[in-house]
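So, here come the structures, one by one.
Okay, so chain A shows up in both of these, paired with chain B first and chain C after.
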Partner chain A sequence: MTQLPNTAEQSLLTESYLKAARRRSRVILLRQTFSILLRMTLMLWLVATITFIVVRALPGNPVDLYIQDLAASGMSPEEARSKASAVLRYNVEGSFLEQYVQYFRNVLRGDLGVSSILSPNSPVLPMIVSRLPWTILSVGIALTLSFLIGVRLGLIAATRRHTWMDHLISNTWAAIDSVPAVLLAVLSVLLLGVVWKVVPLELMRGAYSPDVMPGFNWAFVKSAALHYIVPGSVYTLTSLGGWVLAMRSNAMSAVSDDYVHVARARGLSEERIRDAYIGKNAILPLVTGFAIALGFTVSGSVLIEKVFVTPGVGQLLADAIARRDYPIMQGIVLITTFAVLIATAVADAMYTWLDPRIRLGDEAS
Partner chain B sequence: MTIAPLLATPRPKRFKLSITPTALIGTVLFTLLVLVSFIGPLVVAAPQLDALSVSQPPSSHHILGTDYQGRDNLALAVRGGSDMIVLAVIAGTLTTLIAVLFGSSSAYFGGRVDALLMRATDLWLTIPRFILLVVIASTWRVESTVSLAALISVFSWPVLARQIRANVLSLKEREYVEAARLLDLGPVHMLFRELLPNMAPFIVVSTIQSMTQAIYQQVGLAFLGILPLKDNWGLLFSVAYGQNAIYFADAAWSVLTPIASICLLQLSLVMMARGYEETFNPRLRSSR
Partner chain C sequence: MNKVLMSVMTGALTLAAGTSSPALAATGPAKYSVTVTLNKNIKWSDGTPLTAQDFVGGYDMIWAQGYGIWNQLTDVRAKDSQTIEFLLTDFSPTILRQLVRSNQTGSWSQYGPLYTQARKLRLDGAKTDSAEVKTLLNDLEKYKPNTTVSYGPYYLTAGKVNPTQLELVKNLGGFNASKIGFDRVVVYYGETQQVLPLLLSGQIDYSVAAFTPTDVKAIERNPDLNLIRSPLSVGPALWFNQNLKPFDRKEFRQAVAYVINRQDTAQIALGTAGKPIKYMAGFSDLLVPGWLNAATRNGLNEYKTDATKAAALLTGIGFKKQGNTWVDNTGKPVKFEITAPADFVDFLAAAQAVSQQLNSFGFQTTVRSISAQERPTTIDQARYQALMDFGLISTPSHPSTSYGYYMTEGFFGSNKPDATSGSKGMNWPLTQKTKAGATVNIRALIQQSLAGDDLAAQKTRVQTLAQIFNDQLPVIPIFERYTTDPINTKARVTGWLPFTNAVYKNNQGSDNYVAIQFLNGTLKPIAGSDKSFRTALPYQQQDYSFNFFTGNSLQQTFSSPVYHMSFPPLMWYSEAQQKYIPAVAQKYTVTELK
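This part shows the complex of A and B:
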């Protein structure tokens, strides 16, 4: 008979084992954080470089065109070049390497240059930041709504496969998914506002009535909410289809998993199986998709904000494009990428937290 | 006797690829749109500028009304389809080609090549591509349909490349691929004779899906006023919108016509993609 370790020894053993495990998971966490940070830096550098190349280094680039335009409007070439340097915050006459280094130093300081045409000489970064809340709120709310509804519908469709409900849900969303968002936005303004006159047109132009003061007062909140109904519905409708179809296919593969059979054998109700067993597992991959989609909100809103004249980043980008205001365009590309990078990092972290299998997989390797 | 029915030879089952109704409707609709867009311009007279009948509602002269220059909406719509379809086909095919090239070589060669290619794909996935596409398309004056299609496909291959990689990875484990590898048939034979033919249905479906994406992007670009291309549906839509046509019920027909055309085209493509997916992969098919 082997001697069993006494209790004191045993607790010592467990303690040291736990300590080692904790240390190991801390190392893994550190390594993950480090690699995520490294990747973010790399990405940001890459995008900043690509935008620099597009805006400055290629033949026929917008900066050269801008200088030509200025010269054509009566400025001497020297004046035009110094104006361009002032707008972009780097010396356009230096070598490309010099310009690149200067541009990069500015970006790291948060100085993205000044607007050249839309509102001359006002710095780009504050212009973008002041419009961010509109975009984040309007797209964020709709995205959350569409995620919740879409996941629910997809789950229902998957658990009632081959019924009229499934056909209705998946075909409807496939059809709506095929309509580009801009078309739906324009169509809703036309039908609701002009033809049927259900919604007053003022509610579909701008984000709030001109007679209320923006801030935390009831009149403003009410006006903003009323103005949000139609654009919000368009955002929600157009992003719903993707969630429905993704959730349906995820849930359909989970339906025949072993744990579902076991749950059924244990006599659990179908609803509980659907929500707690199939739903929970099928939703996992979508959660990261949701986080990434949140990061893309800024870019996803360009077209709809233009239709509904919302004072968001998308509208700013549309204006900048129409008037060829390159510093603003460049700034928006950088900010959006930054948003997407943060969202992707959050998504990664969330996925490891939600799905322990990934952590274990890391430990095994 | 009772044995007789058993001995009677069963009628040989005719092999047929039973196409689903969704796929059939989609294909018919798409064929119709192609026919109208490519043969229609030869039949329907070119739209004429007419200052006397500007922004009119439908009438016996102009079945779908006129636009802000007095041009017939129907004639415009008939002429606006070919450019859109050509763009979608080129962009869809190019996107799929790039994705197949990257995805399959990544999965086939594995190791360093795989790591490098997938890193690049992930990088490209994380960039807000529509915004970059908009910025690039507005700084470079993209002038031809083909170059626009090429630009769009450069921005849309990564998602598909990942799917193709996953597909090839699972095919690689099959016996016939093992057999080919044992026979030392070389990468070209492996890719084009063993792997790709087995992915053909998937590739067809993804090409159609890439086409719908290309149309999305093109409509978006046109709406931002970036592309001075031919009078295709996207441009007709955004020009009519720019003329504030949606705020006047009579003029609205010049917005509605291109919208309806784009939606029909998209619907036909989506139905084809969904239908073929079911046709090729009967497990997805609804029982009936």
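This part shows the complex of A and C:
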């Protein structure tokens, strides 16, 4: 007959078990961290390489496009070529391989090069960085709002399926989701600012009023908040539908799961079942999508920035593509990739935290 | 793999040939002298007087930057404080235009030390790719003033520039400042979609944005707004890749011209802003009376829509109509694709309209759209069967720009049948017969049509070119674009010249009619208004410089009229009078040196 350990021995065993478990957790954590870092590095290299090749394979070269713009303004070929020559000082030197090696050497030093067309000879990194705060703030806030409201509405629709509430929510957001975002933005400006005159046009142009000084002062914060209302609402509205419908669909599947029946049999309130059981499980697949979308916020929203005249990263990228400014295109893609990779890593961590099954699965393996 | 990628891989991607050369500055003795006399009492916005020395310095700087005008210039000097003298090895209307109309300058007070260095290097015989010139240009790049000192009635300064709007400040000593009643000029940032709401709500007095026909209807309904409909001197034409059959047959091209209804196509593509081409001379109809005599004009075939004539021409080259379909002399249906840039909405619409007309006639055509970014490569490599691209590029004051654009290399290598390797572009033969039966080389004829200051001789050559074009139709012009520039006549600005005034015959982008009215004091603020003039354009919102000469110069992103409010030209060109009229300069004289 096996003798059971006494209390002291039990305590020692527990402690050594816990130590081993902690050691195992640290190893798992280290292994995961190393794996994530390796994956991120490889992905960054891969994306940067593909971008480097693809932007150069796009039809049209920057000099021709610059001349094309000048020609459209009524300049003669001689004048256009002269001006292009004078202002661009554009000359790609070295072989493709040499350029590639040089590019990566510079990237490792944090140097993304200088703009060739949009602002000739201006360093790319400061150009992107100066536009990031507005882009992250504007798109990030709207995205977070649309996610929070969207999952809530989706959950309500799922738990009240086939009622008027479900029909109202799902049909309304399906309809709004099908309206092109740019149309809604343009209509907002025309209707609110020109036809109904309920919002001054100045509040739908730019991130703040021309007469306030950007900085940590009340006038600027107030102006920025007022200027954000319409573009923020448009972005939130146009991105809300996707979250509503996805959450509704996920929650509909969870509603009939066993653990929901068990919870109901245990007499838990409907609110608790909806939020803690159905909601928590239904939201899991959306977390990754939300995190990746957050990562993409650094590349901005061309829609908001273009229609509402807010010079952010999205507009910079659109202009760089249109004018073939290779260094800016490469810089924005690289920074966006980095942000998305970070966001994905955060999503992985959140997923592990939200869903214990994944954590246990890792430990078991 | 496309040409650009290949070029980058081999390190060969540089500026197009002929843009600049290291040994820039004309060699040989000067054959022409052009003197320009400045008006007196014009002051820069920092209070210093505008003198000939400012322009001399500016020309020295653009020598260092590699501007093409130095291929003809041997020297620029100040004869006295008001007189600039240009010495040239060659002369032509386009050279004159660059001297008296196009090239503005930065102030000696800002750039004097750099001007001095540039002059010394030039006179010492330095090459523009030398280390010394590169150092000078790097110093120029590093110079970042916080204002652009200007000699116009307004200037640009830090603190007045915002991503959504900027304000030009009055230069009280500037050109005509005392005649101009506006205290400031407000420039809103925006392209068409951002400008329209501002315009409809009365916040803009003038805009050069390209409005769609739908926008134009909305503008026309607004009682405060009027539309200026002036020539843009550009418009689409149908190009043919003459490496392919049957596009190399002039009879085929003539038949297509007879099939196309230019009036309908213009209306469909651009509404009232599209005027069908009448003369088929190869350049803007507006320039025709000035360049072609009555006999030549009357001898041009207008190619009025006529299916019978088209059928006769096709039958004459062995084509037949089988049922509803035309077949060529080998029995194959006449089938081709029309490529059109999707970004130029009117060009795409014109291509679709032409395609429908040709299909109704019995051809089988389809339309393929490309992005505007693909245009240069598409043209250079002749990656099209038929192409809707520019048929009019009329830079005042000479029609040769249009001919040069599609008959020779143009901007992007349109036609180069004599190329010994690579693409021949459109491949329309450069050796042609005149109406009198003489053999001419088109490239040489275009160059001769521009050479010297003998206008009568130039007109004779242009007439020959027009006759050859009209017979050959290397491209088929469709319509000419006219502006739909809205002006607000009720909010802040009054005094607009009636639309029948000759100033509206000027080109919007070149010698802008509103800029002229504004700068000569014709336009006045309405009594009780805030004395501002408001317009809009897509200027560079960030990462700009106030340095007049650098590539990221904010000033250089302005178009007319805003650009000319700070830097008016020495002279304007009047299309109606076909001559230069004084502005910052009183007069110019051209002397052939013996």
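FYI, the second predicted complex is superposed on the first by the 318 of 365 C-alpha atoms of A that agree within 3 Å, B and C clash if a C-alpha of one lies under 4 Å from a C-alpha of the other, contacts with A are read in each partner's own complex, and residues count from 1 in each chain.
Simple rule for what comes next: a residue touches a chain if its C-beta (ideal position, glycine included) is under 8 Å from a C-beta of that chain, and two chains touch if they have at least 3 such contacts.
Nothing here was measured: the structure is a model prediction, and the numbers come from that model.
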If you stack the two complexes on chain A, which partner ends up touching A:Val333: first (chain B), second (chain C), both, or neither?
first
Quick one: classify A:Ile67 as touching chain B (first), chain C (second), both or neither.
second
Answer with first, second, both or neither: which of chain B and chain C does A:Ser115 touch in the superposed model?
second
Which holds for A:Leu190: it touches chain B only (first), chain C only (second), both, or neither?
both
For A:Arg248, select first, second, both or neither according to whether it touches chain B, chain C, the two together, or no partner.
neither
Taking the superposition on A as described, I'd like to know which of chain B and chain C A:Ala318 touches: first, second, both or neither.
first
Any idea whether chain B or chain C touches more of chain A?
C
First (chain B), second (chain C), both or neither touched by A:Arg274:
neither
Looking at chain A, which of its residues have contacts with both chain B and chain C?
58, 60-61, 186, 189-190, 193-194, 201, 306, 322, 324
Over in the complex, which chain C residues touch chain A? Could you list them?
1-2, 4-5, 7-11, 13-16, 18-20, 62, 65-69, 94, 97-98, 102, 137, 141, 162-165, 188-190, 193-194, 196-198, 200-201, 203, 232-234, 370-378, 393, 395, 401, 404-405, 410-412, 507-510, 540-544, 550-553, 556, 559
In the complex, the residues of chain B that touch chain A are 123, 126-128, 130-132, 134-136, 138-140, 212, 215-216, 219-220, 223-226, 237, 241, 246-249, 252, 255-256, 259, 262-263, 266-267, 269-271, 274, 286-287
Would you tell me which residues of chain A are touching chain B in their complex?
42-43, 46-47, 50-51, 54-55, 58, 60-62, 161-162, 166-167, 174-175, 177-180, 182-183, 186-187, 189-190, 193-195, 201, 296, 298-300, 302-303, 306, 317-318, 321-322, 324, 326, 329-330, 332-333, 336-337, 340-341, 344
Residue positions on chain A within touch of chain C in the complex are 53, 56-61, 63-65, 67-68, 71-96, 98-99, 115, 118-122, 126-127, 130-131, 186, 189-190, 193-194, 197, 201, 204-207, 210, 306-307, 309-311, 322, 324
